[in-house]
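Each of the next two complexes has chain A plus one more chain, namely chain B in the first and chain C in the second.
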Partner chain A sequence: MALFGSLFCRIVLGLVIAFLFMPILIVLTVSFSSSAVFAFPPPGFSLRWYASLGNADSMLQAVWLSSQIAALSTAISLVLGTLCAIAITRGMIPGAKAVATFMASPLMLPGLVLGIAFLQAARDFGLRDTYTTLLIAHVVITMPFIMRTVLASLSLFDFAMVDAARMLGRSYPAALWTVLVPNILPGFVSGGLFAFIASFDNYPVSIFLVDVRTKTLPIQLLNQVEMSPDPTVAAISALLILGTIVALIVCDRLVGLKRMASI
Partner chain B sequence: MTLARDNLTMPAAPVSRWQFDAKALIAAPGLVFMALAFAVPVLMLVGDSFVDSEGLSLAGYRKVLGDPYYIGIIGNSLQLACITTAVCLAIGYPAAWALARIRGVWQVILFALIFLPLTVSIVVKTFGLTIMMRRDGIINFLLVNLGFIERPMRLVFTEFSLYFGMVNVFLPFMILPLYSVMRMLDPRLLDASASLGAGPLHTFLRVTLPLTMPGVIAGGTLVFSISVAAYVTPGLLVGDRFMTMSQVMAKAYLNIRDFQLGASMAVIMLVISAALILASSYLVRAPGGEKR
Partner chain C sequence: MSQHATAMPPATEMHQEPSYLAVSNVTKRFGAATVLDSLSLSVGRAEFVSLLGPSGCGKTTLLRLIAGLLAPDQGAIEVGGRDLTRVAAHKRNIGVVFQNYALFPHLTVAENIAYGLRAKGVPKAEQAKKVGDALGLVRMEAFADRAVTALSGGQQQRIAVARAVVVEPSLLLLDEPFSALDRKLRETMQIELRHILRNLGITSIFVTHDQDEALVMSDRIAVMNEGRIEHLGTPSEVYARPKSLYTMEFVGQSSRMGGVVKGSSEGLVEIDTPFGLVRAPGHFMSGSRVIVGVRPEAIAAGEGPAGEYNTVRGTVAEVIYFGSRTLLHFQTAQDGDRLHVELNRLPDQVAPGSAMTLRWRIDDSRVFPAPTETGR
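This part shows the complex of A and B:
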């Protein structure tokens, strides 16, 4: 009976993995199809949709914009979040636990609600520049990912090492930079990766903030899927999947996937 | 990606001995930024829902809560989240169990295979799902070739495709919290239960399930809260045939420009997610929640 149970669970696990990969594999297959309709199985294979990416200007612009926003917002969150996390861990500020919850709370709010709040606030404050608005919103989106991983890393860090560096003549900022930063680098890498992905893939917040000329990639992709779905969309999606896998492998080399996912 | 939301690692802070330290200013830029860019906009949104062109008013809420149409939409969102969560739990529980029991290199590989789909853009996955649901798509291809149906049927814009897609997109969010709890479970407890004469069902109900309940609560809360607010997947897979709160909010702001309607709906959704988080943290802490 127990044997039967564990066999049953293993079969379910196998089916679940097949099920999860289905849409991803379909997109990959379609991107290599020779046909413009999404027939299954595809009539033949070609690279024409990848070749046509060169002309998809609006798509490439969206990729560029999303990369910039994701990289900048992750960088800003890393700096602001780490400084805040140090103060929280060292008990320098009152109500440290409440502060940590506050900094991580954007993750718990529905994305659309955040998006609407940003839209209204940007209007009320007269902030008209789409790029700046997007960037500010994405710093808020990425902050929880940084807070979580950096707080977890700092809880394992021995601050006596910072004191030691200061006794040896380093200033406080220099001690943080040369002792603390290298020690919690794995936390930066995994938190940064998740933050980047969260920003790069964000739809529900960005949809309220973009304008006709400034569209992030998920918005542009969904537009295209709704208006004129053709395998060009599949080709760019396939490249995105490839990019994610490469990033995961690089980060796995740096810190280990298990460790990344467990935080 | 929101795996461990309730076990934020919290260092013991010597709050009682707190006194001002100039070094505490390093927290200021982040705190000020989050207060201005996050707390203020959310509070303003809550405020906006109580205001119309003439001043204070509850018109937005009267419109939403007094209209069977909007009540139905809130019901749709809750139904969507309930069914998605239930199906994810039913499938995810055995899958997470198998994942937690497998050892060695296979565990790493299988774990990566569950984790990887999470990092693929939701728009890309939903796009793949719409291709699968086409009349000439793989689902119809399989159903016909396996002999379930004679001719391909229309799947896109049906509730079947909606739930198929929702479970596909959100299932890892159920499996990973379950897995992280099940991994900690000492397998000898199950042997002990069996050697004391309990049957498999009895062992499951009295030992396994109570011990893995924190994972069930964490995964269930997570899947419920993201699926109640889901926007992209329902939008592409059923569209206007199954309106949800998210759909109404987006339409209120992007199309019909009824800001008070949108703000009221947003606050109602905010209340639902806050209630959910509070309920789950209560359940995890409640003395009867774990041991019975």
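This part shows the complex of A and C:
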């Protein structure tokens, strides 16, 4: 009976893993297809869709824009979110719990609602610049991810260390930088990674804020699939998967995936 | 460190010196609560002073005010003639050993010790030498490249001390540094730390709630209660001649008997207690309600000469045997009274219920006004 149970568990585990990996494998395979349409299994092997990426200007522009927005919004959230998290954990502000919940609330709202709200707000404030509007919206989107991991890291951090650093001759900001930052680095990296990804593949909020010349990658990809569904999209996806793997390896080298996962 | 080691006055002469650390009329409030109430304290150079009190008495707040981690609402703090009241913590050059040591887990032992030297811009070569000296001081040379997380509690404490003194602070503050250690290690570390700090000749303020620790380590003890200093004196003064009932009860064991003053003459008062008439040095009006306090080990069995001794009779309620000594609790007739006697050798046939005659020197009795409110 126990043997049967264990076998059953293994089979289910195998199926779940297969289910999770199947789409990735299919996209990777299709990206090397020689066919001009999405066909699986592909009729032959070629690198033509990777080669065609060089000419897909609008696609590359979208990759570049999404990267910028994701990197900038993550960086801004890291700085603001960390300072806010310090104020919350140190009890420097009244209603700290409410503030923490509020900062994490964009995660609980449907993206569509946020998107419409941003569109309306941007109009009311007379904010016409698409790039700035996108950036502000993405700071709000990324903030919960940073807040959650940084608050969790700070709850394990002994602030007496900051006092110790100050007594040894470092100003408060310098003490935070030399003692707090290295000690909660795993929280920064894992929060930053999640935040970057949340911004990079955000669709429901961005769709309300983009214009014809300023399109983020998910929107551009969907346009492409609707207009000319060829394996260029698969090639881009394959490159994104590669990028993710590289990012994970870098993070592992930097702080260790185990430490990141424990936050 | 070398400059500290040269000039170190003997412990007894320090009281006459102009104060090195001067805390003047410092008040600190948190919201409606006054944690420190116009508190003053002066400490001589190279002196080791303990702030002793229960949690919530303000001792840690006072330490953080001296460190500059908190700002006082009123009053001034001076070290070595320099007014530090408005100086930022990182510019005060005051060392702190924190309760849980607050070592930096991302740095090695040597890097932890070098942290303050780096912050002060000490050249690399000199840093290495000073770190080596500091490790030698706490006998941890072999651990320079270890991770601090791999050290035992006692070892972490040594590193915390080394890290604090390596920058040659003008003052060292210690915030309950022994509370995380087990009892045996604590006793060893107390003596060792006192030795190190004496050799460095560094002025130290030590916060503790443990009276034994304070008695063992200090040149002087400031017994704190509700934001004030109840008694500032040498360990033997605080123990043998407490200025207040609070000090008597907080430091060490004590017997206490409530009573009414019947008369006084030649600096002695005669007090009517449930145990009989008791004499003690002091000046009180006849009819005042007072409490007589005696240390349990000052009480002996049997009668003594009436001119020098108080003699009372009591019934043993409990016998507590410690091996080298025995503690007897006697029956009492009124609330709040306590007659505890510590004997090195137990007279024959003492058991709960036995009647015993007890004596103690009149000079060993302390009289305090009875607290007006009930409670303490």
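Quick note on the criterion: the second predicted complex is superposed on the first by the 257 of 263 C-alpha atoms of A that agree within 3 Å, B and C clash if a C-alpha of one lies under 4 Å from a C-alpha of the other, contacts with A are read in each partner's own complex, and residues count from 1 in each chain.
Assume a residue touches a chain if its C-beta (ideal position, glycine included) is under 8 Å from a C-beta of that chain, and two chains touch if they have at least 3 such contacts.
Values in this document were obtained by computation on a predicted structure and should not be read as measured data.
In the three-chain model built by superposing on chain A, chain B fits alongside chain C with no clash. With both complexes superposed, B is the one of chain B and chain C in contact with more chain A residues.
Of the two partner chains placed by the overlay, only chain C lies in contact with A:V179; chain B stays clear of it. In the superposition on chain A, contact of A:N55 is made with neither chain B nor chain C.
When both complexes are overlaid on chain A, the residue A:F145 reaches chain B alone and has no touch with chain C. When the two structures are aligned on the shared chain, A:S228 is found in touch with neither chain B nor chain C.
In the superposition on chain A, A:S171 contacts chain C only, with no contact to chain B.
Contacts of A:A160 after superposition: chain C is touched, whereas chain B is not reached. In the superposed model, A:Y203 lies in contact with chain B only, and not with chain C.
The overlay of the two complexes leaves chain B and chain C separated by a minimum Cα distance of 6 Å. When both complexes are aligned on chain A by C-alpha atoms, chain A residues 172 touch chain B in the first and chain C in the second.
Only residues 158, 160-161, 163-172, 174-175, 178-179, 182-183 of chain A touch chain C when the two sit together in their complex. Residues of chain C touching chain A in their complex: 67, 69, 88-96, 98-100, 102-106, 115-116, 119-120, 163-164, 167.
By the touch rule above, chain A contacts chain B in their complex via residues 1-2, 5-6, 8-10, 12-13, 16-17, 19-27, 30, 37-41, 80-81, 83-84, 86-97, 99-104, 106-114, 116-121, 124, 136-137, 139-140, 143, 145, 148, 151-152, 154-155, 172, 194, 197-198, 200-201, 203-204, 207-208, 218, 221-222, 225-226, 229, 233-234, 237, 240-241, 244-245, 248, 257-258, 261-263. Interface residues of chain B, counted against chain A in their complex, comprise 1-5, 8-11, 13-15, 18, 21, 23-24, 26-27, 29-31, 33-34, 37-42, 44-45, 48, 91-92, 94-95, 97-99, 101-102, 108, 110-117, 119-132, 134, 136-138, 141, 168, 171-172, 175-176, 180, 190, 194, 199-200, 225, 228-229, 231-232, 236, 246, 249-250, 253-254, 259, 262-263, 266, 269-270, 273, 277.
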